[in-house]
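Below is one structure. I have some questions about it.
Labels run A, B and C following the written order; every chain starts at residue 1.
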Amino acid sequence: MYEFDWSSIPGALPFLWAGMLRTLQITGVAIIVGLVLGTVIAILRLSKNWLLSAIATCYVTGFRSIPLVMVLLWFYLLVPQLIRRLIGRSDVDIRLFSAFVAFSLFEASYYAEIIRAGIQSVSRGQVHAALALGMTGGQAMRLVILPQAFRRMIPLLLTQAIILFQDTSLVYVIGLAEFFGVAYNTGNRDGTLVELLLFAGAVYFILSFGASMVVRVLQAKAAP
Amino acid sequence: MVTLAARLDWSIFFKPAFDGSGTYLNFLLAGLEWTLLLSIFSWVLAFVVGSIVGVLRTLAGKRLRVLGATYVEIFRNIPLLVQLFLWYFVFPEIVPVLGTWFKQGVTPAMQQLIAGILCLGFFTAARVAEQVRSGINSLGKGQRAAGLALGLSLFGVYRLILLPVAYRIIVPTLTSEFLNTVKNSAVASTIGLAELSRQSQQLGEFTAHWYESFIAVTLLYGVINATVMIISRVIERVTRLPGYVGGQK
Amino acid sequence: MISMISIKNVSKWYGDFQVLKLCNTEIAKGEVVVVCGPSGSGKSTLIKCVNGLETFEVGEIVVDGISVGTRKTNLPKLRSKVGMVFQHFELFPHLKVIQNLTIAQRKVLRRGSKEAKEKALSLLETVGLAAHAGKFPAELSGGQQQRVAIARALAMDPIAMLFDEPTSALDPEMIKEVLDVMVKLAEAGMTMMVVTHEMGFAREVADRVLFMDEGEIVEDQPKADFFKSPATERAQQFLSKILSHGAQA
């Protein structure tokens, strides 16, 4: 029987907490940028201008057909060069910044699909009513369609955010240490990998499950 | 961008690989083999386990439903990478007989593959379970009642009436789940499995031709994607029932 | 006679199917015109062409001197002057009743929020719903929602009002409250184009009745003449079917 040794966990808690903050930081940035960019792409996909629509479709299809691991590797390759070219500084935390960029752009493609479905689920009658009152297309989108689309899509957007929260663990592949990375490194170093991995698993489970319960409550409230 | 494209050296794929396995092109294709191997075996496991759990969640017994729900929640709320590490590092230490076999009786490559299949299989099974459940539920209680009224056992009702239709309905979602499996297989690179994304990293490290490597691998993933989608359309067309278009009535 | 809405030789196709065939009519200022006909006759399509919600391939529509459908037309501006009421009310569910009335006033006509609110409340008073100003549309009955929708259109101080089957989606006991509002509007001198099956309304306040069938305006007569003796057989059949089912006051 394996002999569990939990002793290295208490000492590592400050570092694990710092790692969790990093996880939440990446998640937060990706959600915000992803939502904004995702909305733009969703609207472009529905645009009558075929070129804009095609570009948006390529974006979405492109990001959704390759593994997140590859996306992270790609941006870890590209971002440093781009930063050097644009800003000329190389003291920025490259790994973190490329993680921000990679996750934001990746998440945007998933959000774009959810938001597109949401926009399309608003009935044409609503669009007509808005236009009939003299609103421009832009006003109709901003004042009537998007508010309704987002209300409907909130459970799906939140669920996607929970998935993103879990996916941040993959920055392991570019050597960035967030919560999971810290847990692994600590366990590896102290020879207590088993305990740390179980601990990390438990923490993720509690946080994700808790968050998904909140989403379920919100869903029940919105559609009684 | 253009100067970059001009500077790419595509001949690298025809040069011999550092590990003597042939050209670098062969090197990448070997990675593709591992990716497909991992994906397909995981998918089979996921399909079987997922179907069982999905059916469990639609049965009348409360304990069975809770069991199914627990399974789904556990595998849905822990990141895939963490699950992989749990299978690769923790399971061999904790599980008595099998764990020892895993640690000693199997080559490292096999260890990686087995851990990968178990992880990806059980992870995906949770998602398949949800799709099977929603497929069965979309048929309504009437179908089940009609089957039972004819004298079929519950097992018979599921086998002959509910599942054949439910599976047809969820072909599109199952396809996208298989594609997710292929994408998720890249996670196995973290425990050293020589699948496609790992090969692309290795190629880059040894030749410094990062762009060529990544572009080639990205294209390969794209090709897999496109191929699976085409096959899926064929399956959808062949199994389509009149009155059920695009996955719903 | 000042022409408010002028429809000249308008034809429209959906692909190969011709949904409007050389429609011609004029509606003068202050006139109330009822458009009736079987389903699929194109009446909803025609009325939607008047404010540019639908496009047309051939012909011309002029509203208050502005041609609808030319590339240069400022459609939002035109639409802000012509009110439209829809079969399914189409109140904005995420806004309270009072906000439904003020949003276009503020965003399209650029009225101040105090002015918009006063106007909104006074209109709600006119349709008898001032007490419900703070509620959401989902909290109101169908008849109440439609009255709010009429008030919403009136808040823009339109020169003409278009009604697309305003009572077709209402339960019978709520039709009267909406028709009463429309009658009051007509008596106040509003130019109205009303697509409806409610012949009682037509008999009471219409000046003219148009009968459409298969995309054509088959009849265009003063109310009294239409009801006494429709010129065409199609109109006669339609009228007898409608009237025999008690669809009138």
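Quick note on the criterion: contacts are C-beta pairs under 8 Å (C-beta built on N, C-alpha and C of every residue); 3 or more make two chains touch, one makes a residue touch a chain.
These numbers come from a predicted model, not from an experiment.
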- Task: Report the topology of the inter-chain touch graph, choosing from line, ring, star, complete and other.
- Result: line
- Task: Report the chain closest to the protein's overall CA mean, measuring from each chain's own CA mean.
- Result: A
- Query: Roughly how far is chain A from chain B, going centre to centre by Cα mean, in whole Å?
  - Reply: 21
- Query: Which integer distance in Å separates the CA centroid of chain A from that of chain C?
  - Reply: 46
- Measure off the straight-line distance from the CA centroid of chain B to the CA centroid of chain C, and report it in whole Å. 56
- Message: So in the complex, the part of chain A that touches chain C is made up of which residues?
- Response: 123, 125-126, 128-136, 139, 143-144, 147-148, 151
- Query: If you look only at chain A, which of its residues touch chain B in the complex?
  - Reply: 1-2, 65-70, 73-74, 77, 166-167, 169-170, 172-173, 180, 184, 193-194, 197-198, 200-201, 204-205, 208-209, 212
- Item | Contacting residues of chain C [partner chain A, same complex] | 48, 51, 53, 75-84, 86, 88, 90-94, 103-104, 107-109, 149, 152-153, 156
- Which part of chain B faces chain A closely enough to touch in the complex? 73-74, 76-83, 85-86, 89-90, 93-94, 96, 179, 183-187, 189-190, 197, 200-201, 204, 210-211, 214, 217-218, 221-222, 225
